[in-house]
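Below: one structure in structure tokens.
Chain naming follows the written order as A, B, C, D, E and F, and within any one chain the residues start at number 1.
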Amino acid sequence: MTDIVSFGETMLRLSPPRGERLERTRELDVQAGGAESNVAVAAARLGANSVWLSKLPESPLGRRLVSELRSHGVRTGIAWDDADETRLGTYYLEHGGRPRGTNVIYDRADAAITTATPEELPKAAVRDAEVFYTSGITPALSETLAETTATLLQTARENGTTTAFDLNYRSKLWTPEEAKAGYEALFPHIDVLVAAERDAATCLGRTGDPETVARGLADDFDFETVVVTRSERGSLAVSDGQVYEQGVYAADTYDAIGTGDAFVGGFLAKRVDGGNVPESLAYGAATASLKRTIDGDLAVVTPEEVASVVGDDAGGISR
Amino acid sequence: MTDIVSFGETMLRLSPPRGERLERTRELDVQAGGAESNVAVAAARLGANSVWLSKLPESPLGRRLVSELRSHGVRTGIAWDDADETRLGTYYLEHGGRPRGTNVIYDRADAAITTATPEELPKAAVRDAEVFYTSGITPALSETLAETTATLLQTARENGTTTAFDLNYRSKLWTPEEAKAGYEALFPHIDVLVAAERDAATCLGRTGDPETVARGLADDFDFETVVVTRSERGSLAVSDGQVYEQGVYAADTYDAIGTGDAFVGGFLAKRVDGGNVPESLAYGAATASLKRTIDGDLAVVTPEEVASVVGDDAGGISR
Amino acid sequence: MTDIVSFGETMLRLSPPRGERLERTRELDVQAGGAESNVAVAAARLGANSVWLSKLPESPLGRRLVSELRSHGVRTGIAWDDADETRLGTYYLEHGGRPRGTNVIYDRADAAITTATPEELPKAAVRDAEVFYTSGITPALSETLAETTATLLQTARENGTTTAFDLNYRSKLWTPEEAKAGYEALFPHIDVLVAAERDAATCLGRTGDPETVARGLADDFDFETVVVTRSERGSLAVSDGQVYEQGVYAADTYDAIGTGDAFVGGFLAKRVDGGNVPESLAYGAATASLKRTIDGDLAVVTPEEVASVVGDDAGGISR
Amino acid sequence: MTDIVSFGETMLRLSPPRGERLERTRELDVQAGGAESNVAVAAARLGANSVWLSKLPESPLGRRLVSELRSHGVRTGIAWDDADETRLGTYYLEHGGRPRGTNVIYDRADAAITTATPEELPKAAVRDAEVFYTSGITPALSETLAETTATLLQTARENGTTTAFDLNYRSKLWTPEEAKAGYEALFPHIDVLVAAERDAATCLGRTGDPETVARGLADDFDFETVVVTRSERGSLAVSDGQVYEQGVYAADTYDAIGTGDAFVGGFLAKRVDGGNVPESLAYGAATASLKRTIDGDLAVVTPEEVASVVGDDAGGISR
Amino acid sequence: MTDIVSFGETMLRLSPPRGERLERTRELDVQAGGAESNVAVAAARLGANSVWLSKLPESPLGRRLVSELRSHGVRTGIAWDDADETRLGTYYLEHGGRPRGTNVIYDRADAAITTATPEELPKAAVRDAEVFYTSGITPALSETLAETTATLLQTARENGTTTAFDLNYRSKLWTPEEAKAGYEALFPHIDVLVAAERDAATCLGRTGDPETVARGLADDFDFETVVVTRSERGSLAVSDGQVYEQGVYAADTYDAIGTGDAFVGGFLAKRVDGGNVPESLAYGAATASLKRTIDGDLAVVTPEEVASVVGDDAGGISR
Amino acid sequence: MTDIVSFGETMLRLSPPRGERLERTRELDVQAGGAESNVAVAAARLGANSVWLSKLPESPLGRRLVSELRSHGVRTGIAWDDADETRLGTYYLEHGGRPRGTNVIYDRADAAITTATPEELPKAAVRDAEVFYTSGITPALSETLAETTATLLQTARENGTTTAFDLNYRSKLWTPEEAKAGYEALFPHIDVLVAAERDAATCLGRTGDPETVARGLADDFDFETVVVTRSERGSLAVSDGQVYEQGVYAADTYDAIGTGDAFVGGFLAKRVDGGNVPESLAYGAATASLKRTIDGDLAVVTPEEVASVVGDDAGGISR
């Protein structure tokens, strides 16, 4: 049986060497990156049986994504599109450093996935899974995808699959008002909500201390669990009325991209493996801290490493 | 005064290392590539005062193209587009080797240039130039561009600027029938036609020996000069009724992309410098042969090197 | 159902850049390489449902091999060994050029696989497959492996799985006499024998024209099919008494390592897909010729590319 | 009209990878570096119409410098020298880290520029500019250059061009006493003096708090503006009797080389754009802080980035 | 005359780029690494006449090690082994970062050195040297080596050569109990003991403040000198009853591997050059701090740099 | 005892990647290159006890050359010069390909060696060697060096050391007339002359078939041996009146630089090892052919490889 199915867009991530500007570079590093596959990879690496659903052009570029995800043990359910008729989304990532922020340029318009319908996708995978995960990026990509996302979430719920959703607000895709409407159309189908503190404020107008935010959302939309993530300040979950807090593990950050997805992947992997909420929060936080030390979107970690961080005995040179 | 103005699309060219497949690569080499800027660069490097017109997103990617072309001495006249509203075309190039051909994947749909209108572009540049050059790729990119191309060619002709045009048929952009109609709409505004033997056959139905093809086109459309290029078998020009033949110079091919544009750039640079047709053909052929030894779309050559190939005394180690 | 199961050793392949000697290099390229996984990858890429069985240390190095093979769509059945107790085989590859041959240094003694027993491996995979493949390298690695190989071949035969075997003589592992004894112990369990002309001569004393060699082996050991491969001179098969010849497809060789395995992978993939012997020989030869253009042991090809070579219309630049 | 003209030496900057010592490296990164072109590039990138004057060998190496500067939008006025008779200066840069300093090895003796006379250079550029800039490195390179520098400064002043000068003391070129004499010979022709606190102390014997240093210099040599730069402790300007202080913007330093030139480039760009002294100091400080995050001598920045640092809202990931 | 002779294993050190995991890497950096050759290189670079003794396969890999060490001025006395019969140890190094430690995977079983006997090695080198150095890694590699180590130490002592030994406990080679027995069998032949505080505790059960540890060992085993190293907390020596303390010099750590060996190499180089114990401790600490800034196991430093750190005037950019 | 001592200039060789032009490159490969050290390295690698004499700046760059040569087993006798007063010669190498030749840019003026006097160099090394070698580059570098070269050759002859000299004409250093005078001043001190056919014609006016050239030189200047090298057409020696011819071994050329030096190094190594003239010619030709397959100036070969080429059984993949 499948533990976790995710659905969303994955792009080619193209980044120049450290210290080099995108505007000048002669060389780009190539990796796969996308919120939902990042979650699937983290979960798969931590032992969850994971599947990623998407729509891709049938080209070397589309195959490249699949083969990278597959190498981490993720199975894929792809609607292959005619390579001459469609394209693959890409994003350019320039690493920053104070006072210059990390810069992301998306080139994702009209990607194959924007036309994905439920009929093209292996819905059986959603039905048979323990958890179905997607994020707020997916419905923002096109009207078709907004509908497909809703249908998949509904399908999941109707078949007893737990649904998890990360707001993942992207200001380049829609306005806060559009996002709010989009989110709220999906909320009735969602069990577990992950919300960055900033997204909750910007899009949903939920401010205040994180417990208030989490409780408010849980109450208003009847979520089983709400996890509020606060970047360097840790996370907080309200689940079945209980509150759980989790700090961050200290990390030397090499690449911060994908940290949030690593958190979700770790959290869900532990949940489907039987962990309770606080255990899963710790597992997610540890996965996220390890991710920071690794180049790329993906949490290339092992269960032993995550356990070691949770158990607080990592560090040093082992030889 | 400007010698040569060209107008067209330039893309980011992304290519994996030799022997590595696009489907597997972790690294992409980045360069600028586009028929019309390739011609402008070759001509500028050979001494012509060159300008390239285009429309680009105002982003690090758009600026990257401009800075690369500018580094070769090409001046640019750019209509800058809002980076959030548009994109830059890219193309992926995988070097081949028998029995596997070199593979090109275009990702150019909806590039900024597809909406370029004559009003946005510095038409004065076209009016003041000795030669205006574009290729059959440009009108194939969008209906707007087909109109813009026609307007620019007309503007040039009306102001005494010689117009040059390379068929450059791209089967991924239009059918032979569409191309024929597109070409023939522009032919009345063209002085110098460059036609690959294959394109003349495929799109215009002109077959037979190259002289017949060239004469037929010159007669039917009243071109001042028609140059038929035949890849490894050299080229032939009919100009004011005279026929000139030119062989290829032997070359160790490192990268064949851009060879045709190098030929045109060398040919035009010599023409605007006062060379007659056979001298210009030789100059074009030499530029093309040098291009083959160099990685990338661009003919990174010097006038001395081209002269040396024409004078046949190159080769060996000079020290 | 599984089409092809292979069993054998895969190593880390470490190679310096072109033109650089192993003795001086500061940098090694890392890839997976091993006859049986090379075959599984080629077959999987060409559409066969493929599984690779082996034994590996449970370490980043062992996982690296699995993830690379998995990225090509091969499923794996691994007996994981304690990383502190065992090791992973490696091989160093220095590309040559006349008058200096390509040089291979094996460092494979005591690799985890040398202790693999049938009990540790998922024998069900062998039973359920259409074809079971291994090569003469496997029994040469240890006495334990010689026995395991025999057992797996027997298991396959008893369950109706076709068995295929490539002599793959390695002089650094055993003498021709030892190899002869080792091979002949396994021949009773083999349906399809692949034999390089040179190996047949060196180890089995079979010389003469390839048809004689193939017929002799088929008659003496009752093989269903014998394929004699002759490097640049093509291949010849005797199958159920019929003779089939196949030439090589011209190729620009970038990396010759793995060419033979690509041939076998292409041949078997076509066979399990219903191709007859001559079709499968052509498919194998085309896969092998494409492999030559690609860096690494693996045939990173697509069914379309192989079909295109067989159909003889490859080459040139498609754009 | 030209905003800023600078005159000076630019070298090939050759540096090994991070963590690698020059003494051992197999690979050198190549970039252009020189105080006056660094200033011209920073200013050009920030919108100033900039020209760089110099003398170079007519070789691929000389052309390389021009093309790199040109790619940033700097125009060049070069006296080309016979490549067989002269050379290009180079400098080797080894990045350090406590307790090992960054190490610079100059190989600049007898560079083409050391023989540059005013007659060879396009003096009209100096006459038509708003600002003429050079630094104390230039007169230190040769006696000829000391005279040429004086002549150019005089020419500028006589034509109403504001002159700006950075002490830029280099102990490997001359002694403090020689530098003092050299500087003071030029001071009568200078409007804006930039002086590192350390250089003012070492060469001019001016110590004490920066305001005292700046006022003293302004009073004694009748400068319109004196800017004292104090590295991590910010800068201070005395201009027409007024005092302005500017702190540094926090930065993660990737490469500190060129920080001072970035400051000057930003300062001058803002001045010619109509900024007052405090605005220009802030702009210079922001440009310098951004430079620190970028590999190479050059401040590869945009006006928007500099404005954002001044406005204090940079940092984070924008997506 | 030879100043320092060391004996031990050197491996190929293979490491992926920063931020990349061993499990995913396509590229490995190659360098030589081994405690005793690290010491020999540091000492040779600092002016000591140094020789390294070992046993290696006569292959490109074995020659690679020799040529790298030789390039630093170390002479080598090698027992060459048949390359087909033996192997070279390798180790994989993955750089870490909180919360993930640096990870080392040894692949050193059955390396050529494990069979080295005193007869194969140039014992004259040991006899003629001022200092003979080896570490606790060597006797842990095989029983043969434990005996060879003892013989060489004895030979040294009998010929008036000072013997120095670093515990260098490696938990992957033996248990603390085995190590204790191994160490104590050698202690009678040792003059100078270097012991990491942690090794002294783990293997010898010596805990408490470092002076107590050092005095206890010196008294119990009659060492002339005992140096206790405490990582970031400095070192302490007891020599002929006197106590000396040494802090660490602040360093930006790029690569911590080999720091301890650099300390020993600096310490011994100063000792054989006539330095007293506190001078030698300072020299060792400075060498170690410089090592931290350099990629690889080796302290690529100069005597001037070490002297500069000791004299506390390093840092900044010199130009 | 020393077998071969050579004296001459070695430079840093800086070359861009294949297919990339020097004018555009961001990256340079760094190696040591110089005729006399190339010969010393080839000879040392083939078993000769070799020493290289030169004068170098005492800097990381000077040390880099020494460490690279030392890594091949060459001992060095260096007159170290003050790094602030002198420089190291460099040369830029751009690989070509028809119709563009390989391009070399020397930047060697005022290198440290140009001031080398016999007193600074370890003349004992010359006296004690079996062969002293230098080339026509050395006396061309400065008048001081012309004198030093003469003195060293004389010293060698007076002490019974055989002297060998390669004309190695460099048109960028002197005219044919100057070279002729320079050569003829040294000829009285030379036993073995190596002359490229082209150099003999250009500088000495010796044309005609190679035997005539060799005999003419041997007769006129009383050389013991004259070797005329003819590039792809092999070589011919006249020694003590006998004539010997040697063809070239077929090679796939990766880098032709240093081929002539490899020939001399192989020839001399065999001579000092007791080989007769034809054996030594074959050895030289084989060394040269292997050199062609290797990147860089140096013949990174082994005696076994050279013997294998001479014995004609190289090629293929050994595994």
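Rule of thumb we're sticking to: a residue touches a chain if its C-beta (ideal position, glycine included) is under 8 Å from a C-beta of that chain, and two chains touch if they have at least 3 such contacts.
Quick caveat: nothing in here was measured; it's all calculated off a predicted structure.
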| item | value |
| --- | --- |
| Chains contacting each of subunit D and subunit E, listed by label | A, F |
| Rotation in the CA alignment of subunit C with subunit F, degrees, nearest 5 | 120 |
| Identity of the chain that, by mean CA position, is farthest from subunit C | D |
| Centroid distance [mean C-alpha coordinates] between subunit D and subunit B, Å | 39 |
| Chain centre separation (subunit A, subunit E; CA means) in Å | 46 |
| Separation of subunit C from subunit E, taking each centre as the mean of its C-alpha atoms, in whole Å | 44 |
| Two or more partner chains touched - positions in subunit E | 21, 23-24, 26, 67, 103, 172 |
| Contacting chain pairs - touch in the sense defined above | A-B, A-C, A-D, A-E, B-C, B-D, B-F, C-E, C-F, D-E, D-F, E-F |
| Sites on subunit A touched by subunit C in the complex | 67-68, 70-73 |
| Contact footprint of subunit D on subunit F as seen in their complex | 14, 21-31, 59-61, 63-64, 67, 83-84, 87-88, 90, 92, 94, 103, 105, 107, 109-110, 172 |
| Subunit A residues within the subunit E interface of the complex | 249-252, 254-255, 286, 289-290, 293-295, 300, 305, 309, 314-319 |
| Subunit F-touching residues of subunit C, taken from the complex the two chains share | 18-21, 23-24, 96-104, 106, 170-172, 256-257 |
